[in-house]
Each structure stands twice: as structure tokens, then as C-alpha cells.
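Each structure below appears as C-alpha cells.
First chain A sits with chain B, and in the next complex the same chain sits with chain C.
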Partner chain A sequence: MTDFLERLVPHLNGRVHAPSSSPIGEIVESSTTEFLAQAVELDLAPPFGALVEVATDDALTVYGVVAHVQTAGIDPGSRAIMRGHDDVRDERIYQENPDLPLVLRTTFRAIVVGFRVGQTLHQFLPPRPPRLHYSVSICLPETVHNFAASSLDYLQALLNAAEVPVDELLAANLRYTAAQIRDDGAFLQLAGRELAQLLRADYGRLTSILRRCLAPIEVA
Partner chain B sequence: MPLDLLELSTQVRQMGELLAHRRSDEQRRLLLLDAMLTEYRDRWEELAELAETVQERVAVPTGPLDERIPPPLRPSTYTAMATDGAEIDPDRHGGSGDFYLINIGRARIPYGQPERDVELRSSSTLGYTDEDLYIVDPRDPRRQVPMRDRHLDALRTVEELRALAELAVDEVTNAAPAVALVDGTLLFSVLEERPRDFLRNRFYSDFVFQLERLRRAKVPVAAYASRSRGIDLVHLFRAICGSTPLTCDACRGAPACALRGMNDANLVGRGLARWDRSGLFRVRSNVHDPYYGVHRVFFFLLNTGDEIARIEIPEWVARDQAMLNLLHGALVDQCAKGFGYPAVLARADDRAVISLGDRGVLEQLVTQELARRGVVARASAKLVRKQVRTV
Partner chain C sequence: MTPTRLGLLVAGSVAEGLSARLDPQVAIEDVRLGKFVKIVGQKYEYFCLVTDVQLDSANPDVLRDPPGDPGTVDVFLRQVLSGTTTYALIKLKPELMLANTASDTEFDESDLTPRPARTIPPHFSSVSEATQTDFERVFGRDDGKNHFQIGQPIDMDVPVCLDLRRFVERSNGIFGKSGTGKSFLTRLILCGVIKAQAAVNLIFDMHSEYGWSAKNEEGTEVKGLSQLFGSRVAVYTLDMESARKRGVLPAGEIKIALREIGVADIVLLQEELRLHRTAVEAATLCEDKLGQDWVAQLLDMDGPQLVDWANKEGGNHASLSALRSKLRLIDRLPFVERSLERSTLDQVVAQLERGQHVVLEFGRQRGLLAYILAANVITRRLHDLWVKKTEHYWNTKDEADRPRPLMITIEEAHKFLNVEAARQTTFGTIARELRKFYVTMLVVDQRPSGIDAEVLSQIGTRITCQLNDERDIDAIFTGVSGGPHLRSVLATLDSREQALVLGHAVPMPMMVRTRKYDPVFYAAIGAEGPQVVSARARRYDEIFGNDDD
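And then the complex of A and B:
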């Protein structure tokens, strides 16, 4: 199992992301249950299912799980249109139109799954949402480890998330967390048991999520 | 519902009938005009001479009328610059007092120069002092004209070119060739104010000064008019035939002049294949020429595939073959990238547009500032009536 976990480098849109404390996005919409952030660089959003954090000034750090990533025109009314022609395809389209990165933006939505005050972690909703325009960072592996080790109550929050592919999100988050923790599958076993509790009335759904957690995926 | 749709639908039907008839009539008249064009095709020098004697604004041909120049190779490395503007007129009915706003969008896109950054931004200026709000005759301060409507349009046009000149001056140190575009025309209109036309003097002098900055920066500048309805050449032909259809050889006694409702694109644009440009025409304008000097305006038409665009350039660009070729090639590349409209101009326009939301925010800012200073902003009775509909 560790083989595929090692290969499971978090990916999105073909670019590799090493978790770091440098900001990957800035909050442009914020609420108690979720926040929307604009990626600092076009196409460079955290992976689907990744744990991200927003630190505020008053020792409150809010954690979220990336549930949706989108790239579109910055202006609400503007729509991307096909620009490829002849041999101008893919990356060459961007080379031919260097203004595109300034009129497009990548945004990602994160479901709030917990927060930390000082050294204490909580897996329920924070007293106030993260502040607008504050930086979002991908959590370092040790933070992911601490968050997952403290409790798995947050899985309930993901299960109840609205307007997202919940099962896919759960599976993606478990794969991502396991890859960050690298504990020979101990986390996945624990999470599997927790999911079995939560989905005890729906065996079919449970197994489908678990299959997705364990499926090896090739990432270049 | 304020529209009487029942009555309107009848009118729309009648209008459709008339438009269809007009379209078929246009085809007939184009055939008549073809004969006239063929006759004058190679007699362009004669036409040019005649143009110099005409009073109204006309196009002076500089070569055969059916001249068409195929596109040069599209440059792969060049810098495209453009500016575009929008304004908020002083609101007579709002209570926030007199002020106007001019927003200029600027775009600089370096193509084929991955080490350089794209620049897309806008700069907004509020006009609120007496000097901003009134144009005063320097020789007689009692004569003053409010800066609004068409005068504000003229000021915006000058500011667009000023921003473009600033972009061009920054570009001097760069090795890649550059082109600078504005939307519309270089021959903007300013109402006459007699005696001593201080309005034209003010706007045109400043405009020409900016053109001079562009000339010194050696950046070819052009004004781009999409689906041009320019009629300078039509005016020239009208001057020839006297616009008297009954005795005219071209119209052969038709009830109306074949040139009526036609534009230059109808006359010389039809022969252009995609990306071809027409020959150059100089615009002879008694209004502009005295101010423009070495920046007298020339134009050519360009077939962008879906339409005929008119591109106006100052004389120093028209007389420089290298600049002209660069401009033609860059425009073809720009229109291809922008799906029929120069991509860089579209970006400048994006930055210039003032949305309804922005207007609201500005109004609120001004109202708050006034309130902070104890001044109550009261809208006119008419505006209040529009905002709160009473029954």
C-alpha cells in the first residue's frame, strides 16, 4: 500500500505542489461553513481533498478541505472561448496570448472542518469565519498528521457538505491525508472504521468510497 | 408597462419591410457606383487635385482607388499598447455637487518576450475644481464653457492619447518593435466657439502634443474604428458629381443619388480579401489640418474577415513604409487573436468600463464625504421622483 501512497504526490492541473507555509490563495468569500479563495497563481490551486489553513491575527487558525476548484474569467460576464488554431495548442496558446493569466483566475472552495486556538485543535465550526483577503496555505504534513490524529469527527462535516460530490471528496481527502502521513496504512484503517460507523446504514456507498480510497492512481 | 407593444409590433413590421427594400436598392446602387469607380480608378491624381478645392472634409487618394495591399508576415515579437476611456458626466440631478470622472484603461502586451510582464491597469481622475469644470477663454475669462457632454468626450479622447504616449515613452528602451492603438478616431470633433476658437485650440493643441510625443518615441500610432461608417471618400465623389441624380451620368436619372447612405467601405472595401488593406487616403479637413501640422491624418481600410475596419494614422506613420508594414502585420495578428477586434484594445476597454456597481460606490463615497463635513446631498425633485415611484 505504501508504494502507491508514495507516488501519490498531490497534483492539480498537471502541476506538482509541495505543501509549504507560503500562501497559495487569498480569501475572496468567507462564511461559517466554507470559504472561497483565489489562487495566487493561475492553475495553481491546492489538490482536491487537501487540508488548507487560514491563520488570523488572534491565534485562531481555521482549517478547510478543498472541495471544488475552478478556473474561469475574472469578470463575471466574461467567458473563455476556443483560441487554438493550426499548430497553436495547449501551452502555445498561453505563449501567444500572454495577457490570459491576467484575465483568468483559479478559485478554490474549502469546507470548514475545524480550527485551532493556541495549541488546541477542534473539529467543529469556529466561532467566526476566516477573514476576507487573508492568506490560505496548504497544511504541512505534520499539521495534517496532527489534525487527523486528534479526531476524525471532521469526516461528518465532509459527509454533510452541500453542493459538492461528497463521496469523491471523502475518498480524495482520505487518500491525500494518508499520503501526507505515510504510516503504512494505519490511518486508512482507522478512517475506514470511522466511515463504517457513519455509513452503517449504507453498505454499498461505504464500499464504493473505500474502493476509491485504495485505488492506486498514476501521477506523472 | 411603458411600451405599447401592440402599436410597436406594427411599426417593427413596417420597418422590416423598408429595410429589406433598402437592402435590395443598395445592391442596385452599388452596381451604378461600380461604373463610376472603374472610370476614376486610375484617374486618382485628378481626383486628388479636385479634392484640394473642395470645402468640406474629403478623402484625398494617394494611389489607384482599387489598390490593395496583402498582409505582410505577422510579427511574432512585438509590443502592443492600447488605451481606452470612459467617463461619468457631472450629474445635474444628483445632489453630490458637480464633478466628473474619467477612467482610462491601459494595456501593454509584449508578445514573444516571455521575460517581460503584461500590464493591464486603469487610472481614474476626478474633475471638481473650477479649472476642471469650466473651459475658460485665456484671453477673456468671462467666456467660459462647462466641461460636460461633448467637451468631456473630447477631454477623454485627449487623456486616452496622453496615457498612450506615456506607455510609448516607456517603451523607448525596448528593442522589440511596438505599436500603439486607440479606439475610434484621431479626428475627434470639438464644437466651434467663436470668435477665437479657444475650445478647439485647447483640445487639439494638447492632442497634437501627445501625437508628437509618440512620434519622438518612434512608436506608430493608429486609431481603430470597427465596422467603419466613414464617408470621406463618398464626400469626394459627391463633390465630383454634384449629387444631382437627374443629370448625373452615374445615377442615370434615378430618383435619388446612388451615393446616398453609402460609406467608404462600400466603395473601396468590397475589393479587399481577408487581411488586405486598401491604399492610403489623406483626410483633408479644414477643421483639423490647421492644428495637426505634421500629424495630418491618413487612413486605410482593412478587411478583418467579418467586417471592414478603418485605421487612421498620422502622416509620419503613413510616409514610413516600415512602420506601415509593422502596423498592418500587427493589426492582422491582433484581430486574429481578438476574434475580429484588436485583442489589446479589448483589454484596454475591459479596464476602462465603469460598471453600474462602480458608479454606485463612487456616489456613496462622495455622499459620505459630504455628510462627514455636514453637507447634505439632496437629489433634484425629478431624480427623487424617478427613484421612488409614487402612485
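And then the complex of A and C:
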């Protein structure tokens, strides 16, 4: 299990993500194409590009790719103010202000890329959106593997996502998935080919995405 | 055996050929010109030849800004692009179509045998490598009777066969520049024809290499036909001394009497003897007035006699005199005699009639004058005889009277079949009249462009080794549909042991690695050593008596 944790979870602010079986967020806004969730703990959102799932009810599980993460004041009207002074900086600010986790929150937005009915995976939009206040969890590597192995049609959904840095999102998702699957780059090649088909008219964009996909393979 | 998929069909026409996109996992360098591929359509299967391989890209930007050096991270980019944005196209020439037995369509009987492709398969049909079964469906299997394996495709270990029965129906040609293995190929095919008893062979062996052993390019000895087939092949020679020196035991020595030479022979020798145009007229006059013995009589006339005779018969003295001096060159040939008690040609003819194969060696008489004269005198006789036999058969319509097909192998064929000679000589007649009289030719030549186009167009099966001269290549494709496609295939032949086979005896053109002429081949054609054969022949004679007695 520790091995799995190490592999799955990039370190964030020195803290570690929870394993996937336990929820990492709760849905606070839901629609057919995307949902917004609040992270269970402050600053503990799933990584950009990660595959997350929401078990909406017994039959339907909706999958999303994390496309945007934000930490801000709970009250949408008020902004956070500077709390640091003298040598109280960074982590010590949190220690001196234990109320911070109560007034701040981390939210993440996920693009809906597919769903599962029973054992069947589909990479298109689900018949109904995930339910509000249901739990979001990070997919286990097996799930990531199964999802990517079933088809790569979801890349088209990411490509069409609105109001997100699409190219960065695609690259981040491929990097993340490749790191989860760990198959010596076979997935990356397959996904690269799929992208090459999708972006056949835009060679410049294709190469810039592909070059960004590659960097973390060596790290992973 | 599941066929290896190569790609899928994306464009094409019957006239221009097809284009298929290569699958990303297929290495472009594995697909070579001349490769035999199959396309499975909805109703038919199509057999095609690869005539070109091209690089293409879905987006021209890729070519303007190609990925960097393979050493860098761009290696990933290359991997992704290859087969998606950049890909290979193969150009295919559909040659044959055959019913796709896996489809639900009902077919006529005729659809079950390969036919020339008259339509094309639909978009995105699957293109795959042909399997051994496909080759057998198209080319048949080497069964020792009708089909004879001539070689293998360039990139596969599958037999490619000639249909021997169709092969001997028409005159055939083996072409290729010097040193490309023409004579080995000829020997190979002769072995096949003899083994299958598809035709009786007469071989004019100018360089004494077919009958008895000869050396290959590496200098090792290879067996001749007579060693392989024993008494079924008789070797005759024009030069007994040379034969003895090489340890060959010929069945006899050929002598030609002057009375066996006719005007037709003189016509053919026009170039060799540098005869004037009027010489043929002079010779015709002599033959008309002096009868069969005209050559001898003309040679015997002295100056005044010739003048008298010319005046009497209304001939031109100068041209008669020139003809006479040229005829002396013939008279001086060692195998030409003033008169013979018994014509040695009769023996050869009788042997051919019995179905025995004859190799005629020229020994040291390999000058063109000797070769052309002897070949023409003998061929003319055989042609006359076979025409008579055929006419007899037409009258009686009795299968027993049907003449055996006779195949005459000649080298340096352009000497007999050039534009001038082909119109006037027996060889030209044989080449044009075709199988009507059961006599065909196996023409072996390095300059096919020197052969009359009319004769070339009648050649049934063409087996072509490497050729470089444009005119020769043009000549090969005279009267062949799809010539331009095949030209590119021919241009890629290696200089050794590769040939392009096209025509009557193969259902579609095919590039082959020719079969090796070695002990494995000797064993495969089931020819025993000469000792075994002669031992059997002796035993046969003991039981049934000797025919010749």
C-alpha cells in the first residue's frame, strides 16, 4: 500500500493525498459536462489532469479529469488578506492562524469524460450528471488503466473543453495516465497517435502538446 | 496461416492502379516492388503486384517543420507521427480476380479460376501479403506434370510455377543481358519440359553448355541435360573432335550435304556473308535451273562456264560470280560435305519423331555462319515434316496421328528473327504460325530489341532477367498490357538469379528468384545418374531388343 501511495500521489505542500477509496472531495456544483468539488482538506485537491470518479448511484459512475484547482476564501465576496509578518512566513502562518482552514477552501473542477454502467465503460457524456454532495475520489491505477485501455475517445472531450488551458490539460492528463499505467511508454505512443489524428490539421499544436507529455516520463 | 495485413485501400482505378495506405506497424522497408499481395473485396479477391512505394503526409506542415534528430526527445514525435500524420502509400496493379469464397454471393464456375481483374475492390478493403495457399491458387502446385516450379517470389519461400502445357502451346522467350543467368534459366525450363514430357526438344547449343556438363559463373561444374535424363536426351555434334576432348559421347556427328542447302538458307545468311541484294535472285535462278544440287554445280563452274551459263539462262554474271565466291565460305565449313551417302539429319529427325530430345552441339563451330546455316537447314526440314504431319492429322482426325509438340531452342535469336530475316525464314514462320503446326520456339537472346516486333508480339511467355537498354525493355513489353507498371518492377531486378515472368504460362506477371540448378534440383526432377539410366536401357534392350538394329 505504501508503494501504491508513493506512486499515486505527488507531494503537495508536504502533505499526502488520501488513497482513492476514501473521498477526496464533495460535489458542490454539477452539470452534464463538468462538476465542481470542494476538497475534503484544504490544499488537498487531486493533481491537475488526474482521473477522478463519482459513484452517483449503484449503477452509474461518472469519470472526470481534473481541469482546474483553486484555493480561495469560503465567502465568494471576500478575498483572503496577507497574514505574514516578520519571520512568520509560509507554513508558520498556518500554525499561527489555526482558523485558516475554516475560512479558506480548495475547489477543483473536473471535465466529465465518461461513465460506467455496471461493468461497461463509455467515453461520452452520461445520461445524468453526478449528484450534488456526492463524494469524488481519485481513481485507482487499475481503473485508470481500464479507462485508458477501453478507448481514447475521451481525448476529444478534453480537446473541446471550454475555459481551461486545453493543451496543458491534455499533456497533464497523458503524463498522469502514463505514470499510472507504467507500460514503458506504450500508452503515450498510442495516445500520441490518437492526438495526431485529432490534430491532423494543426501540426504546431500537436508537437507542442507531445513535447509537454514527455518530460515527466523520465521522472516517473 | 493468417495472412499478414499490410494496409487498406484508399484510392485507385482499373486503369491507373490502386493506392493502399500502409498500416503503422508495417515497416515500409519490408514492402518491395514486385511483391505479390491480395486484396479481399466483398465479392472477389484481387491479386496485385506492388508497383511503387511512396511517402506521404496528411499535413504538409510536417514536411516544412520535420521532427529533430532521433537522438533527442523528438524520437517520440517521430514514433507518433509515423503511420498517422506521415505514412506510406503503396501503389498496386490489380492483375487477377477470383471469387471470394467467404462471401455469400453465388458464383459462376468461371469465377473460381483466376481471371484478369476487370474491376476493383471497394474503399478500405484490406490489403495483405499473399500466403502459400494464394500462390497455389494462382500459380498451381509443382506436380511434376503440368506445373513446374521456376522459382520463388523475391521475399517469400513459396513456389512459383509455370503451366507447362500452356508454355509449350506458344513460342516463348528468355531475355536478359549477358551474365544474368539466361542459360541456367533455359536449362531449368528445358528440364521441366523434358521431365513433364510436355514437348520434344531440339536445342541448338551454340556454346556447348546444355548437353553435357558446363561451368557456372563461380566455376563449378553443373550437369547437362544428357547427364540428367540419360538416354532420353541425345547429344549430336558438328565437331566430333571437340566433343571427344571434353569427354562427351555424342550419339552422332552431323554433316550437312550441299544439296541440303536451299535459297531460304542463303536469305538468312545475307548479313553474315555480306551478300549483295541481287544474290538472292541469283541463287533463286540457280536453284530453279540447276535443281537440288545447285550449290555444288555453281561452285564447280569455272570462269568461262559461268559466263556461258549466265548468258544462256539470262542471269547477271557479276552477281552469280559474287554468289559463287561467297558460297565457297560455306563449302569450307568442316561439317559441310559435297555429298553424303546417308543423311545424318535423318537420324536426328527420326529421334525427335520418337519423342527423344536432341541437343546439337556446335563445338568449335561457334561462328555465326555455321550456327545460322546448321540451325536453319535442320529447322526447315523439321518444319516441313511437322506441317505434313499436322495436315495428315487434320485429315484423319485420329488422336494417334497428332504430332508431338516440338520446341526448338535457339540462342542469339535476333540473328534469325530480325526485321529482315523474320519475314523470310522458317524461324519467322514458326514464330508467327504458332501452335497450329505443333512447332514452337524457345528464343534465348540478350538483345530483344533486335527481334522483329511482329514476332515479339506473338511470344507467349517472356522470362526476363535484368536488362538495361531502354530499347530492349521497350521490346519486352511489346503487346503487354500494363507495361508501364511492370517497367518499374523490371528495373529493380538484381543482375543475378532474378527474373520477371509474364505471359501465357503464368496467370499474372511475377518477379521471381530463379530456382537453383544444383544437386537438390537434380534430385527434385527425379533424374537419375547416367549409370542408372544406361543400365536400365541395357536391360530394356535385353528384353525387347534394340530398335536401331
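In the analysis below, the second predicted complex is superposed on the first by the 195 of 220 C-alpha atoms of A that agree within 3 Å, B and C clash if a C-alpha of one lies under 4 Å from a C-alpha of the other, contacts with A are read in each partner's own complex, and residues count from 1 in each chain.
The definition used in the following text is that a residue touches a chain if its C-beta (ideal position, glycine included) is under 8 Å from a C-beta of that chain, and two chains touch if they have at least 3 such contacts.
Please read all numbers here as calculations on a predicted model, not as lab measurements.
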| item | value |
| --- | --- |
| Combined model on chain A: chain C and chain B, fit or clash | fit |
| First, second, both or neither for A:N160, with chain B first and chain C second | neither |
| Chain B versus chain C as contact partner of A:A196, first or second or both or neither | second |
| Which superposed partner A:S208 touches (first chain B, second chain C, both, neither) | neither |
| Superposed model, angle subtended at chain A by chain C and chain B (C-alpha, nearest 10 degrees) | 170 |
| Per-residue touch tally on chain A - higher for chain B or for chain C | C |
| Touching partner for A:N97 - first (chain B), second (chain C), both, neither | first |
| Shortest CA-CA distance between chain B and chain C [superposed frame, angstrom] | 48 |
| Residues of chain A defined as touching chain C within the complex | 185, 188-189, 192-193, 195-197, 200-201, 203-204, 206-207, 210-211, 213-214 |
| Chain B residues within the chain A interface of the complex | 107, 109-111, 114, 118, 120, 337, 339, 343-344, 347, 350 |
| Chain A-touching residues of chain C, taken from the complex the two chains share | 24, 58-59, 61-62, 65, 67, 73, 76-77, 79-81, 83-85 |
| Interface residues, chain A side, partner chain B - complex | 75, 78, 81, 83, 95-99, 101-103 |
